[in-house]
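Notes to accompany the following structure.
Going by the order they are written in, the chains are A, B, C, D, E and F; count residues from 1 in each one.
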Amino acid sequence: MVLFSGSANEALARAVADRLGTTLAARVLERFPDGELRVEVNASVRGQRVYVVQPTQPPAESHVFELLLLGDACRRAGAARLTAVVPYFGYARQDRRATGRGPIAARVAADVIATAGFDAVMVVDLHSRATEGFFSVPLEHLSAVTLLAEAIRSRAHEGSVLVAPDLGAAKLADRYSRILDIPVATVHKRRVSGGEVTVRQLVGDVAGKTPLIVDDMLSTGGTVVAAARALLDAGATPDITVVVTHGLFSPPASQALRDLPITKFLTTDSVPQAHTGLPVQVVSIAPLLAEVIRRHAHDESLGDLLSHE
Amino acid sequence: MVLFSGSANEALARAVADRLGTTLAARVLERFPDGELRVEVNASVRGQRVYVVQPTQPPAESHVFELLLLGDACRRAGAARLTAVVPYFGYARQDRRATGRGPIAARVAADVIATAGFDAVMVVDLHSRATEGFFSVPLEHLSAVTLLAEAIRSRAHEGSVLVAPDLGAAKLADRYSRILDIPVATVHKRRVSGGEVTVRQLVGDVAGKTPLIVDDMLSTGGTVVAAARALLDAGATPDITVVVTHGLFSPPASQALRDLPITKFLTTDSVPQAHTGLPVQVVSIAPLLAEVIRRHAHDESLGDLLSHE
Amino acid sequence: MVLFSGSANEALARAVADRLGTTLAARVLERFPDGELRVEVNASVRGQRVYVVQPTQPPAESHVFELLLLGDACRRAGAARLTAVVPYFGYARQDRRATGRGPIAARVAADVIATAGFDAVMVVDLHSRATEGFFSVPLEHLSAVTLLAEAIRSRAHEGSVLVAPDLGAAKLADRYSRILDIPVATVHKRRVSGGEVTVRQLVGDVAGKTPLIVDDMLSTGGTVVAAARALLDAGATPDITVVVTHGLFSPPASQALRDLPITKFLTTDSVPQAHTGLPVQVVSIAPLLAEVIRRHAHDESLGDLLSHE
Amino acid sequence: MVLFSGSANEALARAVADRLGTTLAARVLERFPDGELRVEVNASVRGQRVYVVQPTQPPAESHVFELLLLGDACRRAGAARLTAVVPYFGYARQDRRATGRGPIAARVAADVIATAGFDAVMVVDLHSRATEGFFSVPLEHLSAVTLLAEAIRSRAHEGSVLVAPDLGAAKLADRYSRILDIPVATVHKRRVSGGEVTVRQLVGDVAGKTPLIVDDMLSTGGTVVAAARALLDAGATPDITVVVTHGLFSPPASQALRDLPITKFLTTDSVPQAHTGLPVQVVSIAPLLAEVIRRHAHDESLGDLLSHE
Amino acid sequence: MVLFSGSANEALARAVADRLGTTLAARVLERFPDGELRVEVNASVRGQRVYVVQPTQPPAESHVFELLLLGDACRRAGAARLTAVVPYFGYARQDRRATGRGPIAARVAADVIATAGFDAVMVVDLHSRATEGFFSVPLEHLSAVTLLAEAIRSRAHEGSVLVAPDLGAAKLADRYSRILDIPVATVHKRRVSGGEVTVRQLVGDVAGKTPLIVDDMLSTGGTVVAAARALLDAGATPDITVVVTHGLFSPPASQALRDLPITKFLTTDSVPQAHTGLPVQVVSIAPLLAEVIRRHAHDESLGDLLSHE
Amino acid sequence: MVLFSGSANEALARAVADRLGTTLAARVLERFPDGELRVEVNASVRGQRVYVVQPTQPPAESHVFELLLLGDACRRAGAARLTAVVPYFGYARQDRRATGRGPIAARVAADVIATAGFDAVMVVDLHSRATEGFFSVPLEHLSAVTLLAEAIRSRAHEGSVLVAPDLGAAKLADRYSRILDIPVATVHKRRVSGGEVTVRQLVGDVAGKTPLIVDDMLSTGGTVVAAARALLDAGATPDITVVVTHGLFSPPASQALRDLPITKFLTTDSVPQAHTGLPVQVVSIAPLLAEVIRRHAHDESLGDLLSHE
């Protein structure tokens, strides 16, 4: 097994390598003076099972392209099987044509990865399960839910309530609920009349409870902010925990989040965590990825590590 | 333009042909004594834009196979462009791996249609928008919502409430809401604790209101039955209307539905409507399909006829 | 090696597993209430060579679709190599366009199997050798002729004659002849004039001889019935043996066959043998399939087990 | 429409162009000093329907390669639709694996034509109908039987008999029989015992009759020679006519054929006819090809011109 | 015909539209707050020939991805034919594996464009002609040489000499020479011994002559700087003109270039020209692109506009 | 590992087999009486890594076709991985469209090899490095330069000069220079004015030096002859050595070469060496191919054996 890292999250890749008792294979990944990427693989991959770790958070295009060039290099150098390990799969939210004449960007991203010669792809907590069907190559859909749930177990007591900040997160909240054995509430955007006026309504009891908001990702934080406000309006305890697999914290995110009584953000290192000034705690998915890669490389069953709901 | 029908819904295909001022092209579609399908196209398709109307309700496999054989026959006979018109796309609900080792059946169905040589596909109200991304060929995603909304306008008054019987139908209910200008309620399955115990909770006011339950399809009716009961428990008026694009009414459906105060089922002829003893009113999508096919065949914009939400 | 069975012939698959000293891998194969197939693979196939046993006799479409879904499930679950074992390959007789505008159904069947991800296919006694060329993936063409010939050796004596009931079976009869060392006669449909009038003429001596009619398959039995009558007219002994690899015995078959002095039907279990009231003796191809699969899984030469003539 | 000719049969291509009232488009087709082909297209093909006439008789490899290079040149130069007109399709007889480890050469030939970018293929009287299924692109299977039958009508009288020189030609003889309204006899190679000893037996009455031997092609003439001898042994009149679509007359052919009482060979110009010293009469298929190309280029139905039996 | 522009060079695309007497079709091209591209096509493309103008200068990855998303959007919206107009094709210089384990980045770029559904590609003055063979779809290779040569004709007199700054530009200099009828000199990097020591040697007379350095592109300018120094050392007149199709002027470029007696840089608008402080004169390729697109859209021959040497 | 040879260079293949301590696998490679190739593989390849040695010198089409048929045979017989070893890759010089409407013949050759099922290709000293990008499958680009350089070391002394006979050979000469540590001169065809008049000019000192002309191939020898004359005109010692990887010596080659003071031609056995009457010394590449195949078959790194410049 040979493990490469793109530039998108070398710390994670290194942690995975450590857990596997190996080191990242040497490669060059730089830019020519005119700005074009220059990629070179400096380890023999002939006949090897090769894994390239590269989440595709913004700048997604560059990260995707690095992945394609690394893949092409390994394929032409004789890699036996080529797996893209993409903990955060960028463009995943663009999984449908927003209008009749938009692209399906997630499908484009899936297609170009296959074009570059990858035989398999690993992702963590896709925004939508149906995106699996965009891939022609086998996709291993992993989940950080178990890891994150364990990490907040100490904060989850009988006065807690899991909160899905929108309908898309409802199933995710159920999964946390089954592990932590605490009830779920969902923030429901409801159209009052046929116009564009919507109100946020909470489904489930939150008054006097300590909310644990869970979602697959936090980008600008708009959804979490709105949910937090709805929770406070509904009488929830102003001690909110936010749990997301992918903590992108895109620039406008921090200020609005800082103004709310969110005492902890729990996320993973699927993308690198810059300093945001927020109380972020990071749970590493390196052990998960390492175990999955180890089994995958040895053709062992991944059964219990995959995400199915 | 040449229009063929498979055997899955000849009445609909004929109605489409009528609206287009044409007739269905001749074809043989029978079975050999040993049970194998025998297909023959008896019209010249050379250089033509060919449309094959064939929903794939159960027995879905036979309906899909007919479609494949008709497609192969037309392609080999020189059709210029081949479009599968699949008003009800079977296997659409199997859009993800139910477990780590299941198939993605909707992708398989999409793939075999492309394998048979179809250049484009038309569907009506897919179960999940993301399924669009399973198709490599262009997909025209049509909607019967406007037609159905108009058909229930007389039943939609200020005492009415649109009801999404589960979270998956919430966006659909919003679309009806924007047309009919009445509020929305959603039946929310809520996990009380971490166990398997769930309760149905209504989001939105339904007490004393007349419910219009909307969904993309009704198969065995389980979801509608549960929703109806929740509505009645919540004090809704026992005069329920059920509106679904695809009315499959699979065998166990009728009895449970008959026991409830559902005064009207509104559906389309996307699949043939057998006599069920239920108060079913059918709105034909033939005019919609005819208009879409006409424009498609003449390379006119479909913009306003497509489903985007 | 992992061995699955579809629902088309579980008894055969089980017999193959027995011979291989293994058991069939667990899978779910049922129908949802609305009639759609539900498939789930319940064994780890990661990195394994997987074999799916599924003849595609009628209802061929369902059997094909099961095969596709099992294939897709195994491929997505990481099977290293996926082989479809299709002892009876349905639609094989539709290997040409019956008219200028028919499909080539056998090619469609071959293509969809490849689309689902199968890397190799095994079949037994295809109706026409040329169908091998329809497959882009390697095809192992096996034959039950040796097994069947041995099974009738006791009935093949110097007074016997092998009979090809039509020209298509002439080469098959030659193969039996080489094994059993008895002469061949062929029933030849001859056009007397340019019209549609044909007579059946026997090529070879049959008067006073005991006929062994051989063919690749028996479906409705029409060809065998006509041949048997021609044989009797030509003075053959009214003690006829019929030997076919694939005994489909499609419904209208039995009565006409029962009225003739056919004392034994010898066939294989390539498709399940229902009770027909006819004197059918079944020779199992399970040992053949088991040996082929064993060697295939171990990359041993199949040379002497393949059909080449 | 733009019509090109390879070097395999320029006379035929020119005759086709004449019938279409056009001229062959200019192209360079020569060899570099080192022997490599040099191809250049000297006419604008952008947006045109392009037809390349090139039978692939031996040296088949060179003829195929010319076709590929002409196709690639036209495709890259913007041809709208590219059709290979291959009156004689070389390697057609290698349509199955002769042994378990042979190639399927006819499939390879079909595949490389598609690889070069041809969208459609036209052939005349393929050796085996099933070869149609080897092509993924639409194949127009034409027949010279009508033309040839008319050309021998004067020689076909009530004392004539159509003779299929082997089983493979039996269906072809039937087609002639339907047009000329004279009976058919077939030369049947019969295995006497299980050994390699075979005898030729005539099915049908030939004594005192004037034979018209029909076949798809005549290469070295071995089959025709054996059939002619069997006919004479059976008392046929020593005035034999031989009718074949493809008259290759491969070198060893002439002597043995000259020693027999064959008074006329009727064939087409699907391949160029060199002087053989035999009494060969050539019927041109140029009018047939011209009409097919004309209709094809104008998207008119080819129905009655195609070969279906 | 519908013309879109990506964001890489809207001015050029607008100029092309002007020349064609049309306007750029409306589209949205923005970024979501998290940085992902958002693309939407706001014009009907159904049945249209669509052209997307997008050079792929750095940041090449973003420009390529925009192109892919615009292509996917148009394809799914029913475009009849989709052409990528890529005046500057980024990654073109990475047309070989720099080492045994590098990628062939230019092939990756070519492949992903085809994956997104483009049917044809137009480029201007590729770094290497052989890159044409990387594309499976037809490539129209245009040249700005005629335009540029005319633009410097006034500076080209009998005392001038065309200079190829390295061997890769020698054929380009010949093309200018044929148009301007002035001699050529080439800067030749020569290895003195087997070590890494090289000297630049001028082939051709330059002493006392006014040099016109020609190349396909100028990025950081290193090659031009070295050539200019060699020219001056060899006694050339210190009044140098530099002519390049693609003037990228990558950041480190300007200073070194400014220190040399280069009195004019002539380039095109294949990429946007920022202010560099250098005496740059821009010749627009918009008329060329407009004419090529016009003919391409009307299926007229491009013959005399293509680059062949 | 199983090693086959086509007919293009059996001596080389046998030498490779010897070095590998094995023998060539049995195969039939003959022609049917009508001239079509007949191929049969007579060794078990199931699950094996198969190597087919076949340069494609003229008659290139036949050699390519043999390769395709051998490949198809091995693929269908279950080869695990199929590598085409093509020491001389014919049509390599046709790597661009000579005119706007020519083919890219080298791409066609690369594509058909992939179509036949080869998973990898090995070549030696391609005419142009960029041709690597024509292959979608991994290409191992080997070089005979090291071997040839060692073989002429005794002739390379301080009075020697390496000569690139045209610009295309300049990089090759540099590679020899680095190994042999002697300087390089290049024959430069220079356009004197804009017309077609060119002169050959030598870059580098050759007066009184002994020239070693190096090139990738020698076909008709025109380039070498012109270079030799230019060298003599420039005062080089009339004792010339010519070193080329591929010595095709196409028919017109010998006479002009014989008239010059060329005392030795050094080449390899990449193509068979017929007797030319010239002082040709052959260095075998069999050890190189054997070592590469050995490592490739054992998944060892080829790093130091590949050609990268």
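Note that a contact is a pair of C-beta atoms (placed from the backbone, for glycine too) under 8 Å apart; a residue touches a chain by one contact, two chains touch by 3 or more.
Predicted model only: the values in this text are computed from it and were never measured.
Common neighbours of chain D and chain F under the contact definition above: C, E.
Looking at chain A and chain F, the chains that touch each of them are C, E.
For the pairs C-F and C-D, the count of C-beta pairs in contact is higher at C-D. Chain centre most remote from that of chain B: F (centre = mean of CA atoms). Rounded to a multiple of 5, the Cα-based rotation taking chain A onto chain E is 180 degrees.
Chain C has its Cα centroid 39 Å from the Cα centroid of chain B. One inter-chain figure worth recording: chain A and chain D are separated by 62 Å, centre to centre, where each centre is the mean of the chain's CA atoms. Each chain gets a centre from the mean of its Cα atoms; for chain E and chain F, those two points are 33 Å apart. With touch defined as above, residues shared between interfaces to two or more other chains in chain E number as follows: 76-77, 97-101, 104, 107, 302-303. Taken pairwise by the contact criterion, the protein chains fit none of the simple patterns, being neither a path, a ring, a star nor fully connected.
Shown are all chain pairs that touch, namely A-B, A-C, A-E, A-F, B-C, B-D, B-E, C-D, C-F, D-E, D-F, E-F.
Interface of chain B with chain E (complex): residues 120, 138-139, 295-296, 298-303. Chain E contributes residues 95-101, 104, 106-107, 128-134, 141, 167, 170, 173-174, 177-186, 188, 190-195, 201, 203-204, 302-303, 306, 308 to its touches with chain F in the complex.
Across the complex, chain A is touched by residues 33-43, 45, 58-62, 64-65, 68-74, 76-77, 90-91, 93-94, 97-105, 107-108, 111-112, 115-116, 219-220, 248, 250-252 of chain E. Of all residues in chain C, only 44, 46-48, 75-78, 80 touch chain A in the complex they form.
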